[in-house]
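The first chain written gets the first letter, and so on, giving A, B, C, D, E and F; residue counts start at 1 in each chain.
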Amino acid sequence: MGEILALAADNLLSPLILFFVLGLAAAFARSDLTFPEAAAKAMSIYLLFAIGFKGGASVVAHGIDGGLILSLLAGALLSALIPFIAYALLRVMTNLSTIDAAAVAGHYGSISIVTFVACSTALTGRGLDPEGYMVAVAAIMEAPAILSALWLVSRRAGGSGMDGDLLREILLNGSIVLLIGSFLIGGITGDEGLEKIASFIVAPFQGVLCLFLLDMGLVAGRGLRESGKYLNRGVFIFGMIMPLVGAILGLVIGLLLGLSVGGVALFMTLCASASYIAVPAAMRVALPEANPSIYLTLSLGITFPFNLTIGIPTYIAVASIFAGG
Amino acid sequence: MGEILALAADNLLSPLILFFVLGLAAAFARSDLTFPEAAAKAMSIYLLFAIGFKGGASVVAHGIDGGLILSLLAGALLSALIPFIAYALLRVMTNLSTIDAAAVAGHYGSISIVTFVACSTALTGRGLDPEGYMVAVAAIMEAPAILSALWLVSRRAGGSGMDGDLLREILLNGSIVLLIGSFLIGGITGDEGLEKIASFIVAPFQGVLCLFLLDMGLVAGRGLRESGKYLNRGVFIFGMIMPLVGAILGLVIGLLLGLSVGGVALFMTLCASASYIAVPAAMRVALPEANPSIYLTLSLGITFPFNLTIGIPTYIAVASIFAGG
Amino acid sequence: MGEILALAADNLLSPLILFFVLGLAAAFARSDLTFPEAAAKAMSIYLLFAIGFKGGASVVAHGIDGGLILSLLAGALLSALIPFIAYALLRVMTNLSTIDAAAVAGHYGSISIVTFVACSTALTGRGLDPEGYMVAVAAIMEAPAILSALWLVSRRAGGSGMDGDLLREILLNGSIVLLIGSFLIGGITGDEGLEKIASFIVAPFQGVLCLFLLDMGLVAGRGLRESGKYLNRGVFIFGMIMPLVGAILGLVIGLLLGLSVGGVALFMTLCASASYIAVPAAMRVALPEANPSIYLTLSLGITFPFNLTIGIPTYIAVASIFAGG
Amino acid sequence: MQTHKAKRVVITIEAIMQKRLTDILEGAGVTGYSILPVLGGSGRSGAWSREGQVSRASGMVQVICIIKPERLDGLLEAVFKVVDKHIGVVTIADVEVLRAERF
Amino acid sequence: MQTHKAKRVVITIEAIMQKRLTDILEGAGVTGYSILPVLGGSGRSGAWSREGQVSRASGMVQVICIIKPERLDGLLEAVFKVVDKHIGVVTIADVEVLRAERF
Amino acid sequence: MQTHKAKRVVITIEAIMQKRLTDILEGAGVTGYSILPVLGGSGRSGAWSREGQVSRASGMVQVICIIKPERLDGLLEAVFKVVDKHIGVVTIADVEVLRAERF
């Protein structure tokens, strides 16, 4: 417990978290500080490009590990499974409608890539480098949860549901293509490729991440200010319980897979995090009746800050205890 | 005098100034070279983030100096005072209406952060590092001048004036929040934080500044080309006399405060520079009758280039004489 | 031949090419991956700024070479001449109308700066640094081809043709101004200036180029998908024959000029590449009847990928044979 | 100058639905349309702004079609299928156009 | 399809006044509006363009409200308070809308 | 409130022609216009989108003029010279304006 607190304090005073908090504070104070939409998109392209490439290069540097395939499989299964757990919890803890509950559940099966990046950065800072292929696991966990959510609805309420176009949009959405593509190119060009572009993707990485988290804080804060009213007590609590439930699942499976400490912590983080890009987009198309204020505010306004501040250091500490030494 | 000329020549042949001149020239030649609005905003976010953070980290590195509070106070007072001097000069030197004169006066009390950054860069290049807290002084000098300008008008002409919303907008405008926020975070995380993001905020800084000044040259040149006609001789001369008046005030107060050579030069630069972001925004809301072509062209087209090319090396040379060894 | 293949394989597995291919693939798979327009423009500003500055600094570092003036002259002449060759080939090989053929021909006399940058990067990677002034040659080759194309049309079909405004737009278009301006500033500030901004324009250069080529792949792929139908067999083949014709011309003239291996390879690349920015813009104004789907798709969808993948390593190998040792 | 009667239909819809809508427009025989960006707005589902979005799901666009009056009904029926369940606003106005052969 | 008469009010105003205008619109009972970006323009106070601006003060937007005809007068009076002293243009046009219950 | 009749002319044209068009508008005595960005569209010359462009040649804008009805014919004739050979769409609609002295 003492260690967790020390880790948490250390984490809370890192520039990354402080810039996120600055963003939250500026939003609540109604400052007009904003990032241009194009700059925010450019930063997220940069982060996906860098994290994918470094993951791929690291996989070849360390040799391809037997765990790769199993981890991908486990990731896909968890992504598909977690929405059912989330849905059951939501039906018990909240009064959300079937459709809203299913939509929210889908977000929690999927993942938040920035949470993943923040955790990776914290791990690298502590010398706990995770398996490079966790990037691919992150990518594969984006989509299955959406199918589970739509299945939950179609069983009960209909919904305009899935069609071929939507399936293609989900599987080939820009983030997945960029992440997987950079991962593969990192793998193909290996250390030699990494060397060529290291001063672009390694050196300035943390600085860009600070600015990105500042923007996330602004967006999350504005979301909470405007849509916080849609979250009643039960929903609010769900947003902090569910990541822990996910993290425990991730811990168990991560240990069974025999991942390193860093790998287990990342796997916990993936299971604990909730999507706010790919899944909302799919939900707007397939479940337009579900209220985006609920699922976006929950995922971005509650669970994201929770993971960033309390979750990540906890997951790292727990992973160190169970997978370490 | 010889030294000033040498410094000025050196300054004029630095990439920073040459890119600014390239921008001016391209604008006058009516080239279609333009920066996308989002890229210009992203660069200014980067500059504020970097300069704020480095300032904060430098304050802790050198220990908190008794001069901090006094300098902040002096900055706020000068910002509030300078508009009255500017207004008096304008009434004597030009035929601007009360409202236009008050609006212009407000700009000269406030500051231009890019002029500040250009001066800091020149100082660091000469080993004359200023006090880190000058960043906070810059931030505090943004707003008081606006209140003085509005008071000048309300005393005479009415104007729709100040309301609660406007006050919040002025005090919490994006630049101030980002600058002060980064300064605080730089202070909290200190050298350890700086090390993490140095290769983002230190190494590429001058390069970004070159591009930013190129864009400023384009904007200033286009402004002069289109609105130069609104500036008659008196106004034009005011745009080059007023920075010197401000600089002298800054020199005296800076010496009284016991600042280092770099600190005095920066204080002179702050007093000499004129706002072209925060103050125009406030004037459009509070004094819509004032002509933006006058105050923007004066501040951006005359005083900014004047300070960049002639002012800064002069202020550094003068500060070296009076505050040096 | 063996060497060419080895070079080509090496080239094909570099991150630059792989990211371009990723973009092509994503476009064909109809992924929604896109770069914001502002980010794409910002990257191209960065590339022009960096390549121009480095070229200028390199010219002074190596002393001004008698070849400079001759190379500029030769470049301008080739740019004006190549459209006639291209036009003749098009009339023989394809059934394009006079106007479409002239418009296409203009593109091949002019140059693609990204192809130039990709070749420079490959050369530097092999220790074959070209003459710094090749940047100026690239800039001077942009415009003459446009005049030739318009002359070809006016002789036959009329067209709204050239006027003073258009001439100014062509000669002072943003890319040329930025490239030449940065080149001059690089020359004026020399190594001292380069040192100040090297960590902005040297270190991250290849990383930015990867992202830029990813975007080019997306754009070229979407162009091919949507407008590939406008290119029949003859036009398609022209898009791969013409660069070779240009390259041979470039080889001969480059050897006559006595350029280094790198210089000859770059000169071949310039002659082989086709414009997709400056020339299309001029054609839309002066020859609105010409079909942009033909010239853009040909230049960006066929010739650009051809040069990037097969052309550049070939030109380098050939230049090494003829100009080397 | 000679002008011709036409209808200007403006559909404000979520960006994510844009492709689906324009596919349907093309299916309904619409020969042209333009897409304008929308920076923000407010309606029954609350206020939003483009700069406060991380999500691809968010943001709206305006799809503008100029059509011959006789095509209006077909177009509206086609459009209605898409906008019925989704948020969005449809307006129709009378306009005159030059070069009527284009529509 | 069944359409209903409505008014389309377009207010071109400085971006810096946007929030003040939409607050007033909400006060006047307007149930929805959309904001479009404006890239540049020209008027009595000269020409401007978005890319030539460093200043937050600059740039304009279009605020578009579709309203029931009976609400028009209230809206115009409210709007006039804001635009009176500021530069900007207000136009009103007749349109038809689908789904009238929304306005 | 007191409103006045005016015409709203919208010209959708390639960005590269914008300056030429507005020069001609000014020549034809137009006292003001606004430029809106267009994200994409489709017409007889195919579909395009702003994000799929590397070229300065591409992209379109909407030029909007509010003018007194009596100026319409002069304006259209001037505009026609520019749009005749180029792709683009011109629409004219009736609107009411506040503050008619501005037009």
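Worth a mention:
Simple rule for what comes next: contacts are C-beta pairs under 8 Å (C-beta built on N, C-alpha and C of every residue); 3 or more make two chains touch, one makes a residue touch a chain.
Note that the coordinates shown come from a computational prediction; the quantities given were computed from them, not determined experimentally.
Chains that touch both subunit B and subunit F: C, E.
Among the other chains, the CA centroid farthest from that of subunit E is the one of C.
For the pair subunit C and subunit D, the distance between C-alpha centroids works out to 39 Å.
If you average the Cα atoms of subunit B and of subunit D, the two centres end up 45 Å apart.
Inter-chain spacing, taken between the CA centroids of subunit E and subunit F, is 19 Å.
Shown for subunit A are the residues that touch two or more other chains, namely 32, 34-39, 42, 173-174, 199, 203-204. Each of residues 36-37, 56, 93-94 in subunit D touches at least two other chains. Pairs of chains meeting the touch criterion: A-B, A-C, A-D, B-C, B-E, C-F, D-E, D-F, E-F. Within the complex formed with subunit B, the subunit C residues making contact are 36-39, 41-42, 45-46, 49, 53, 168-169, 172-174, 177-178, 181-182, 185, 188-189, 193, 196-197, 199-201, 203-204.
Those residues of subunit C that touch subunit F in the complex are listed here as 34-37, 40, 160, 165, 173-174, 216, 218-219, 222-223, 226-227, 276-278, 280-281, 283-285, 288-289, 291-293, 296, 300.
Contact residues of subunit D toward subunit E in the complex are 12, 36-44, 49, 60, 62, 73, 76-77, 80, 83, 89-94.
Across the complex, subunit B is touched by residues 14, 16-17, 19-20, 45-47, 50-58, 85-87 of subunit E.
Within the complex, the subunit A residues that touch subunit B are 13-15, 18-19, 22, 25-26, 29-39, 42, 199, 203-208, 210-211, 214.
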